[in-house]
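Just dropping this structure here.
Chain naming follows the written order as A, B and C, and within any one chain the residues start at number 1.
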Amino acid sequence: MTARSEQTTVSSGTLTYAAMLAPALILMSVFVFVPVVLVLYGSLFQFSLTDRQWDFAGFGNYARAFSDPIFWVALRNNLIIVIGSIVLQVGFGTILAAMLDRGITVGGTLMRTIIFAPMVISSVAVGLIWLIILDPNVGPMNVLVSAIGIAPPRLGWLGDPAFSIWVVLGVAAWQYTGFMMVLILAGLQAVPKELYQAAALDGATGLRAFRYITLPAIRNILIVAVLITTVGGFKVFDLIFVMTKGGPANATQVLGTYIYLQAFTLGNSGYANAISAVLLVIAVALGWLQLRTSRKA
Amino acid sequence: MKCFVTVAAAATCFVASAAIANAEDVVEVKYWTLKNQGLDEFVAQAKSSFEEANPGIRIIHEDFPNEAYKTAIQVALNGSEPPDAFFNWVGEDSARFVRDGLVLDISEFGTEENGFQSMLTEGWISSLRHGDGIYGVPMEAVSKFFYYNVDWFAEHDLSVPTSFNGLLQLCRDIRAIDADIVPMPLGNSERWKLNHFITMLNERVVGFEAAQDDYDLSASADDLFTDPKFVTAWEKVLELQQAGCFQDAPNATAPELTRAMFSSGTSPMIYCGSWCAGIFDQDGFTGYAMFRMPAVEGGDGADDTNFVLVQGYQVSAQTEHPEETVKWLNHLVSPKMAKAYAEIMSRVPSNPELLGESDALSEQFKWIANDVASVSTPINVLDVLLENSVSEAYLDAGVEVLNGTMTPQEAMDKIRETALQAKSNL
Amino acid sequence: MGSVSIANVSKSYGSFEAIKNIVLQIEPGEFVVMVGPSGCGKSTLLRTIAGLETVNAGTISVGGEDVTHREPAERGVAMVFQNYALYPHMTVTGNMGFGLKMAKQAQAAINGAVSQAARILHIEDHLHKQPKALSGGQKQRVAIGRAITREPKVFLFDEPLSNLDAALRTKMRVELGRLHNQLGATMIYVTHDQTEAMTMADRIVIMNDGEVEQVGSPLDLYNRPVNRFVAGFLGSPKMNFIDALATDVDEKTVRVSLSDTFSFDVARNGTAPSPDDSITIGIRPEAFGEGDVGFELDVRIVENLGRETLVYGTPVGFASSESDAEQGDIVIHFPRQREVRTGERISVRFSANAIHIFDAGGITRHFANTCS
């Protein structure tokens, strides 16, 4: 009797679990698993959006990617954006947060709001605003730079392949540094003031207090910030699409824009799938790293 | 993916046919266009007169921004609910759909008195003829001219150049008047501006006939894009740059800005499409006149050709109502609607019959319409004409040549390399 | 071991004066407790000594050296915080050795100092642990150990026992006393708890409203408070205060009238009030018992604590103006068990010599004779 009723409970419990998990699983399948499988499958074929005939290509698309100089340019640009954004966004975000946390007492909230504000603007709008600012003919940036005695780049900020990726990097930093600052500021403000006072009595002030007290205290937040920035750096698309479309002459091409170019402009859907698969591998690796670090923390 | 599409298509066809049965013989024609200024007004006008005359047909109009359209139309044509009639650029874009069997041969329709085949000249229709079939209805053509500021030219005693060297001298003369004046600003941030230049320079230097085999990749692998005149055409771009025609950073300048520079009188010239006339008018500047890309000394091109890019409508191969759909397209290119199109959109329609009667059209517009009509061979723009990857290579080469990061010879080497690759994939 | 001289130190935040012109001399090896209600300025004063607050005026000297403008670490002081303020990401060893590490001491010297401090505080077994693995008492020991390793001239304690439970607090009190004896160091200890002050201090500094009210040994302050604030602050339950009139004053006695019908003579020992002055008398709860003055008390509450009994009640014939009992009532402390029931009326006596007399300004005019 007891065993029987227990059995009933177990099976109805399992059913409940299944029912509760089902919507999430179905959504995940439709929007994540199935597309991933399709991308991997499609990467083995040669076809375009309008093709009804898919030609099996094996790993040809992957071989093509690894011998395609623009693929490597795109990957290199992603890495520039990742590393540059970590330095600029997390670095400056930390410095700004430290200044707001301890240095600036008047107008701190106003400063914080101003610095954070770009974050709430869509990347498309940010790109369009900066296109105007950086315009070589009428943009204020050239005027500003000339005023302090520096010659602006002759080919334009976004027209010179030697400059453009760094300019895009700077605009991304302008947009997201405030977010990083707020994130890190929250961490800084959670550090008890007494810790700094104890450190002052122990002889650690200024940079030494930052090194020994602040940094260890916000270590986990910094890890999260670096991961967010890294993931953002690999999936960057909209800002570049609006500002340069990957130009001039592929100088600012990143994997995201290159996938788009191959799939929708050049009609090489199979090849685009293969590049997507490479990006997927990078994303999975980063996700695994994030999971591992957050478990440790 | 294929299976998914097929199943979805079957399901929707079933639903769609059920819906039509219920709608008591009213046929719906789905019609897709780009989102363009004034087009809503024109379509509304065309729709009301068409539906009044054809109570059994209803037009469902949807429009898309330029960037989204190319993708949307490709996906939709393979999908379950393609539009019956849709806008397309005539050239590689339209030809690819023909090759892929996505569009309908409509040569058996529109032959009646007020059908498009009777109303439009063969020159227009031929742009969409592939083999024996006709794969669309040309609606309009855009062309490309040097616009110049008439008063400013008169004031400084400048005249319209008759040769390419004259054009170079004109730039130098303008710089001599005031070194800060940009003679003809080039907004190449989206790459197609210089592509329009090189399209016409290729025509003037290489010649349309000579370039044809390279353009359609039918030349032998040994010959493909090896004509040294292709390099010469690129050198002409550098000559324009060296003569001070352009501003310093064309690759970072938006085309909209250069048009504003011309219409505001900051710059006395601009190489701009026929659609620019309407924009200048709207900006309140009407003191302009036009001339074609002049002949290049020693070039092989014909002089009476010009850039003409035909745009029109194609019909989906999946349509269930080809007759009704073509009827709608006939209506769009009828003399009355073509006149309305010109008046509302400032575009050159494929049917010029009533344009002369219009009071609303400017002198300049009528000049453009005449000029387009007088073109002996329409020269299609490279980024529409060429196979996608070769087109992309040409677009990028323009950027690099302007930036000085590639010499003309390097640019052609790169283009040839891409073309060989594309040819081997055919 | 060092002296601390605080000379005319003031500190204000905007218009709020946290401490006002404080003068205080602390001798080497002394255990001084600064006590007072919240916001009295005791913590601020401690923090100015530590160098965590700058002063607006005055000088602070430690061991004879003017340290007013020195960095906290260069003053020869160490501080123990209420919430321990241990570095959460360092081990106990790291916490205790951090100050020496910052002072660029050799690793061997650091290790020696840490293990010695650990031995003194009996925390040798926890040296490798992180603070989050320690109990509150252990954390406080580490915090003290962190101060010890630096061998400061002066230890500063900012309410170090407030976060501990009562039992642990008593134990740590004793331990701090032992530590003081063992190290012979100068210690300045801030608390709001008068029991800690009474039990630990060599000298108590009572502060109120940014000023020092009185400085002295615990019993001195308890027995001879200079004013009503000090009298009321020390002792638990606190002194009972009763408003009265000085009706008759001569060279030897003051006649104190609690009401029209209740008055008694007190042999005076301070500056006499004038006749008909409003005065307040203070009687400590333990001062009731035997004596020449008697009254009736209606018992309200009885607290039997085993070895002592506290009785809260309403006196007949007069009322208190301030006490630990309810409005108008008084508290009586019997140092033994006593059978009293709520609602009962009992007779209570006290000695006229056992009262303090304060004038209208709160200044003490007569001290109780505790030796009677």
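One rule holds for everything that comes next: contacts are C-beta pairs under 8 Å (C-beta built on N, C-alpha and C of every residue); 3 or more make two chains touch, one makes a residue touch a chain.
On a predicted model such as this, the values are computed, not experimentally measured, just so you know.
*Asks:* What are the chains that chain A and chain B both touch?
*Replies:* none
*Asks:* Using the touch rule stated at the top, which two chains are linked by the largest number of C-beta contacts?
*Replies:* Result of the pairwise contact count: A-B comes out on top.
*Asks:* Which chain lies at the heart of the structure, taking centres as C-alpha averages?
*Replies:* A
*Asks:* Could you state the distance in Å from the CA-based centre of chain A to that of chain B?
*Replies:* Computed from C-alpha means, the inter-chain centre distance equals 38 Å.
*Asks:* If you average the Cα atoms of chain B and of chain C to get two centres, how far apart are those centres in Å?
*Replies:* Here chain B and chain C have centroids separated by 92 Å.
*Asks:* How many Å are there between the centre of chain A and the centre of chain C, using C-alpha atoms for each centre?
*Replies:* Here the centre of chain C sits 58 Å away from the centre of chain A.
*Asks:* Contact residues on chain A for chain C in the complex?
*Replies:* 192, 194-195, 197-205, 208, 212-213, 216-217, 219
*Asks:* Give every residue of chain B touching chain A within the complex, in rising order.
*Replies:* Going by the criterion above, the answer is residues 1-2, 70-71, 74-75, 77-78, 96-97, 100-102, 185, 189-191, 247-254, 257, 261, 388-389, 392, 396-397, 399-400, 403, 405-406.
*Asks:* With touch defined as at the start, can you tell me which chain C residues reach chain A in the complex?
*Replies:* By the definition above, chain C touches chain A via 50-52, 71-73, 77-79, 81-83, 85-90, 98-99, 102-103, 146, 150.
*Asks:* In their shared complex, at which residues does chain A touch chain B?
*Replies:* 38, 41-42, 49-52, 54, 131, 134-138, 153-161, 245, 247-250, 261, 264-267
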